[in-house]
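I have placed the structure first, in the form of C-alpha cells, so that the comments after it can refer back to it.
In this document, chain identifiers A, B and C correspond to the written order of the chains, with residue numbering beginning at 1 in each.
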Amino acid sequence: MRRITKALLAATIVLIAATGLFAAEGTADVVKKADLDAVTNNLNIVWTLVAAILVFWMQAGFAMVEAGFTRAKNAVNIIMKNLMDFSIGTIAFFMVGFGLMFGATKSGLLGGSNFMMDGIIGTGGGTEWGYTFVIFQTVFAATAATIVSGAMAERTKFTGYLTYSFFICLIIYPVFGKWAWGSLFAGGGNGANGWLEGLKTGAFCDFAGSTVVHSVGGWLALAGALVLGPRIGKYGPDGKPKAIPGHNITLAALGVFILWMGWFGFNPGSTTTGNGSIGRIAMTTNLAAAAGAIFAMFTAWFMFKKPDASMALNGALAGLVAITAPCNTVTPMGALIIGIIAGILVVLSVTFIDSKLKIDDPVGAVSVHGVNGLWGTLACGLFNAEKILGTGDASTGLFYGGGINQLISQFIGAGSAFVWAFGTGLILFIAIKKTIGLRVSKEEELKGLDIEEHGMEAYSGFQIFTNQ
Amino acid sequence: MRRITKALLAATIVLIAATGLFAAEGTADVVKKADLDAVTNNLNIVWTLVAAILVFWMQAGFAMVEAGFTRAKNAVNIIMKNLMDFSIGTIAFFMVGFGLMFGATKSGLLGGSNFMMDGIIGTGGGTEWGYTFVIFQTVFAATAATIVSGAMAERTKFTGYLTYSFFICLIIYPVFGKWAWGSLFAGGGNGANGWLEGLKTGAFCDFAGSTVVHSVGGWLALAGALVLGPRIGKYGPDGKPKAIPGHNITLAALGVFILWMGWFGFNPGSTTTGNGSIGRIAMTTNLAAAAGAIFAMFTAWFMFKKPDASMALNGALAGLVAITAPCNTVTPMGALIIGIIAGILVVLSVTFIDSKLKIDDPVGAVSVHGVNGLWGTLACGLFNAEKILGTGDASTGLFYGGGINQLISQFIGAGSAFVWAFGTGLILFIAIKKTIGLRVSKEEELKGLDIEEHGMEAYSGFQIFTNQ
Amino acid sequence: MRRITKALLAATIVLIAATGLFAAEGTADVVKKADLDAVTNNLNIVWTLVAAILVFWMQAGFAMVEAGFTRAKNAVNIIMKNLMDFSIGTIAFFMVGFGLMFGATKSGLLGGSNFMMDGIIGTGGGTEWGYTFVIFQTVFAATAATIVSGAMAERTKFTGYLTYSFFICLIIYPVFGKWAWGSLFAGGGNGANGWLEGLKTGAFCDFAGSTVVHSVGGWLALAGALVLGPRIGKYGPDGKPKAIPGHNITLAALGVFILWMGWFGFNPGSTTTGNGSIGRIAMTTNLAAAAGAIFAMFTAWFMFKKPDASMALNGALAGLVAITAPCNTVTPMGALIIGIIAGILVVLSVTFIDSKLKIDDPVGAVSVHGVNGLWGTLACGLFNAEKILGTGDASTGLFYGGGINQLISQFIGAGSAFVWAFGTGLILFIAIKKTIGLRVSKEEELKGLDIEEHGMEAYSGFQIFTNQ
C-alpha cells in the first residue's frame, strides 16, 4: 500500500512537472489558432493588394489601347481623359460610391453606410482587412468608368467627359454593384445583401465582374456613342462606314499586353484569398484570352481575307471579358470554349455595330465589354462545372447537368444591368448634352482635340497628317 | 482509503497516458512560435520583394516621362542615361553605399560595415531577411539618382552624367540615408542610428522618403540645372521663357502610370511587412495622387485657360511625392488635402522656377521631387493623426493637436537634406565642369545628342524636325 | 499517510483539470503542423503566381524590343507574331506540352501523362499546388517560343510563323524541358526524372533556364535565320553588312525595362517557394544585368567609338540570360563577374555573327539568348559557391574548389540542347520552307509586311520613309 502510494506520489510529481512544462510551453511557445489566422489574413491582404495594383495598371492599358486605336491629333485628349476618370473616380468612390455599394441596406438596392471609409479607418493596422478591400474595390470602380472613354473618343467635350465619369463612379457603378456584390464586404445575412444575391433561381453568378464591371461599362459606352453620334467622316453620303485607322498599333498592342497582365489581378484577385484557386483562375483566364485572340484573328482572316491586328488584339480582350464571370466556376476546357466563342463574337459584333447599327465606336468598347460581358455572364449558366464547384452544387450550368435555373438567374442579372446602365447612361448623356454640352465643335473635331482643348500636341516635331 | 488510492492510481494512469499523448503530439505535430514566425518572416520577404520589383519598375517610368517630355533628337540619350544610372547605381550601392547607409556608426553620420553584402551573404537562405532588404534599398537608391537626369536633360555630356550618377549612389544618397533611416536594418539601439533619428523634438518622420529619396534627388537636380544653365533657345533675348514641347506625350503618360503603379511598392512596401497597414497606405497614396492630378489640372486651367496635360501628369507625381513621407501616419482625408496642395503647388513652382528663377528644368523635376518632397515632409508635422498613430503619440501633428515639436523635427530634417544635397551637388557638378566637362558643345546640342553622342537616332525612318 | 493521500488527491484533481483544459485547447485551438504547412503552401502559391504574372509580362517586353529594333513598316507584323506565339503556345502547352515535359516517363526522354491538366483539375482548390505550377510553366514555354521571332523578323511569312511557334510549344521545348527539369512537378524518384538530372558527373545545373529556355530559343532562332537568309539589303554586293536601324528606340528600351522587371519573376520565381532565397536571387540577377549593360556599353564604346544604345540594352539582357542558370548557386560577386563577361561577349558575338558568319539576326537574339545562355550554363560549373550551396556540395564549381565534374555535366547539358534545338529547328524550318513557305515575296518585303500581310500600317498619319 505504501509502495503504491509512493509510486503514485512519484508519478504525480512527474505529471506535475510535465504539465508544468507543458503549461509553460503553452503560454509562451505554443501557437494558437488566432495567431495562425492572423498570418493567413495577412497573406490574403498581400495577395489582394498585389491584385489591386495589377488592376490599377489596367488604367494604363486602357489609355494605351484607346490612344493607339485613335488618331494622333486626339492622343493628348485620350490620355487626359484616362488620367482624369481614374482620379475623379478614386475620390467619388471614396466619398460616396463605396458606401452605396457595400454599406448597410434593407431593400438590397442601395447601401447607406461606410462613406469616406467611416467604420474602416482607425480600427488598427495589424491584420485589418477593410483598408485593402477599399483599394481593391476602388480600382474596380475606375475600370468601369474608363471603358466608356474609348467608345466616345475623338469627339467628346472635355468638361462633359469629366462630368459623366464623376457620376459613373459616384452612383451608376456602385448601385449595380450593390445589387450583385453587396454582401462581399460585410458578409452575408447582415443586411448588406443585394437583391440579385437572393434570386429564387439561385444567386446571380458574376465572380469577377463580366457584368458588374464590363457590361455596365459597355452599355454606358453604347448610350454615350448613341447620344454623341459618329465622328465626322465615319459614314459616307451612302451611309457606308469608313475605316479610320489608329495612329499607333504598337502602343495599342502594349495596352493589350498591360490589360492581359492586369487581368491576372482582376480575376484571380477577386478571390481576395491567397490559395490554390488563384492558380486555377489564372489558367482559365489565360486560356480564354489565348483562344479569343486566335479565333478573332481567324474569323477576321476568313471575313476580310487578312489577319487583322486590331481584331486579334480585341479578341484577346473579348476572351478576357467573357471569362471574367465564370473564371472560378468552369473547367479549363470550358474556359477554352468560352474564349473561342468570345473571339468569334467580337468580330461579328464590331462589324454589326459598325455597318448595320451605324454606331461609331472607335475602339470597339461596346463589343468587347458590353457584348462579351453579356456572353461571359450567360456562360456561367451553361458551363459552370461540378468538378470545380463540388458535386450537386446548385449553380451548375445547363451543359454540365445543372438544369436551367442558373441560366435564368444570369438572364435576370444581365438584363437588369442593361436596363440600369443603358437607361441611366441615356439620361446622363442627354442631360449633359442639354446643359454643358457633350460634343466639341466641328472645327475642333477636324483640327483635333489636342490643340483646341489642351493647347498642345502629342507628337511635337513629327510630321503628321491631321487633315485625315 | 483503498478505493481512493485505487482511484488515484487509475486517474494517474489516465493522466500519464494523456500527457504521453500530448508529449507525442507536442514533439511531432504541435507548432511552435518560431515555426509561425518563420512563415510570417517569409510572408514579409515576399511582400518586400514584390514591392522592390515595383520600385525597380519606376526606372522605366522615369525613362518614359523624361523621354516623352523632351525632344525626339535627344531620346536615345535620355534612355541611355536612365539605363546607366540604374546600372552604375546598383553596383556603387552594392559595393559602398549600402554600408555607409546601414552599417555600424558611432556618430550617426556614416556607416562603416556591410560593404559588398559582408555579413549578409552566406548566412543561409531559409528565412533570411538581409538579402531582400538589400535589393529593396538598392532600387530606392537608384530612384534618387535617376530624378536628376530629367532636370539636366538635352544638354548634359554623357561622361559627365555617368560620373555624377556614380557619386550619388556611392556617397551622397547613402550619407543622408544614414542620418534619417540608419537604424532600419540593424534595429534601434545597436549603434546604427542616424542623428536625425535621435532629435530631441522627436525622430525625424519620413516614412517612405519624401525627403530621403525625392528631395535629395530634387535638390541635386536643382544644383545640376543651375551649374549647367538653360538649353539653347529656352530664354529669348528679352529673358522670357519659351516652351520647348516634349515629343511624345503618350509615352510620358505611360511613364506617369508606371510611376503611379511603382509607388504602390514604394510607399506600402516601406513597411517591409505584409499586414493590414499596406492597404491603408495604398489608399492614402492613391488619394493624394488623384487629388494632385485633379488640382494641378484645375490650377493650370485657371492660370493658362487650358487643362494642360503636362501639368496634370506632373500633378499626379507631385501628390505621390508629397504623400511619401506621411503615407503611414495620416488619415485618408489628410492624404486628400496633402494631395490637393501638392497639385496646386507643383504648377506654381514650375511657373516660378521657369519664369522668375529662370532655371531650365525640362521635366519639372525640381518642383515635383524637391518642392513637393519638402511639402510632404513638413506635412507630417501638420497632419500626423492619433487615429492612425495611437492615442497620445508624440509625433502627432500640429493640426491634430500634437503641438509644434514634430514640425520642428521636420524642418531640421528637410533643412539638413537641402544643405547636404544642394551643397554636395554644387561641389560635384562644378568639379565635373572644371575637369571632364558637364555640357555638350553648342553644335551637338543643336543637332541633338543622339547622333553626336551615340551615333544613332531614336526614330529612324520618321520625318522629324530637329532644327526646332 | 492520509495527508499524503489527500495531497495526491488534490494534485490529481488539479492535474485532471489542467489536462482537461489542455485537451480542450488542443482540439479546438492548438495549431497542428498540417495547418501551418497549408499556410506555407498558400504563401508559395501566391509568390509563384506573382512570378508567373511577371514572366507573362516578358511577352510585352519581347514584343516592344523586337518592334523597336526593326523597321516601322513591319511593326504590326512583329506585334501579331508576339501575340500569336503566346496564344498558340498557351494552348499547345496545355494540350500536349506540359504532359511531355512533366508527365511520367521510364526513359527520361519524354513524359506521357498530365495532358490537358489531367490529374490536376478537380482535386480541389484550397491548397492545391498543381494549378499554379501549370500556369508558371506555361509562361516559361511561351518565352522560349517568342525568342525566335526576333531573329526571323521582317521577312518571315505569317502562316509559316504560326506553324513553327505551334510546334515549339507542342514538342521541341517540352522535350528538352523533360530532360533537364522533368522531376520538378512530381518530385524525384517517381519516374518523371529526365536523363540530364541523373548524369554521373552530377545533375545538370540550370536553375531558371539559361539553357532550357534561352539557349533552346536561341539555337532555334539560329536555325531559322540560317534557313531564311538575310533581309534584302542587309549585305552589299561586297558582302559587307549594312546597319538597318530600328524605328523606335524608346519602345525598345521600354521593352528591356519590361524584360528586366519580368526577370525578377523568372529567376527568383523559379524557387516556387517564398523564402529568403528569393531576395538573394534578385540581387544576383540585378547585379549581372547591371554589369552586362555597363560592360556592353564600354565594349561597344571601345570598338565603335560611341556608346551604342542597342548594345547597352542587349548587354542588360545578356547579363540576365547568363545569370539565369547560376542565379541560385553563385555569390553576388560571382554574379557580377558573370554579368561583366556576358556584356563583353554579347558585343563580340553580335559583331561576329553579323560580319563573319553573315547571318542576319535583326535584334541579336542568337547572341543574347543562345550564346549567353551557353555562357551562363557553363558558368555554373565555374562559379557555383559552397558559401551558397553548403559546405562540400558536389555541384561546387571549378573556381571555388569543386573540381571539373559539374563543368562536364554543364557541357553535356548545353551540348545536348544545341544538338536538339538546332537540329529539330533545321528540320522544322526546312519542312515549312518546302511546303507552305517560310519567307515572304521580294515585293512584300520591300513594301513592308504590315500592308501586305495584315492590310494596315502601324503608324497611320505619320510621315515614314518605308523605301529604306
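The rule is simple: a contact is a pair of C-beta atoms (placed from the backbone, for glycine too) under 8 Å apart; a residue touches a chain by one contact, two chains touch by 3 or more.
Bear in mind that the values here come from a model prediction, so they are computed numbers and not experimental data.
What rotation angle superposes the Cα atoms of chain A onto chain B, in degrees to the nearest 5?
Superposing the C-alpha atoms of chain A on chain B needs a rotation of 120 degrees.
Is the contact between copies chain A and chain C built from the same residues on both sides or from different ones, judged by whether over half of the numbers are shared?
Result for this pair: different.
Would you kindly tell me how far, in whole Å, the mean C-alpha position of chain C lies from that of chain A?
31
Can you list every residue of chain B that touches 2 or more other chains, as numbers and ranges?
Within chain B, residues 5, 8, 12, 15, 19, 22, 30-31, 35-36, 39, 43, 46, 50, 248, 254, 459, 462-463 contact more than one other chain.
Once bound in the complex, which stretches of chain C touch chain B?
Going through chain C, the ones touching chain B are 2, 5, 8-9, 12, 15-16, 19, 22-23, 26, 30-36, 39-40, 43, 46-47, 50, 54, 71-73, 245-250, 253-254, 256-258, 260-261, 264-265, 268, 274-280, 282-283, 286-287, 289-291, 293-294, 297, 304-310, 312-313, 316, 331-333, 336, 387-388, 459, 462-466, 468.
What residues on chain B touch chain C, complex-wise?
1, 4-5, 8, 11-12, 15, 18-19, 22, 25, 28-31, 35-36, 39, 41-43, 45-46, 48-50, 52-53, 56-57, 59-60, 63-64, 67, 75-76, 79-80, 82-84, 86-88, 90-91, 94, 116-117, 121-122, 124-135, 138, 158, 248, 251, 254, 453-463
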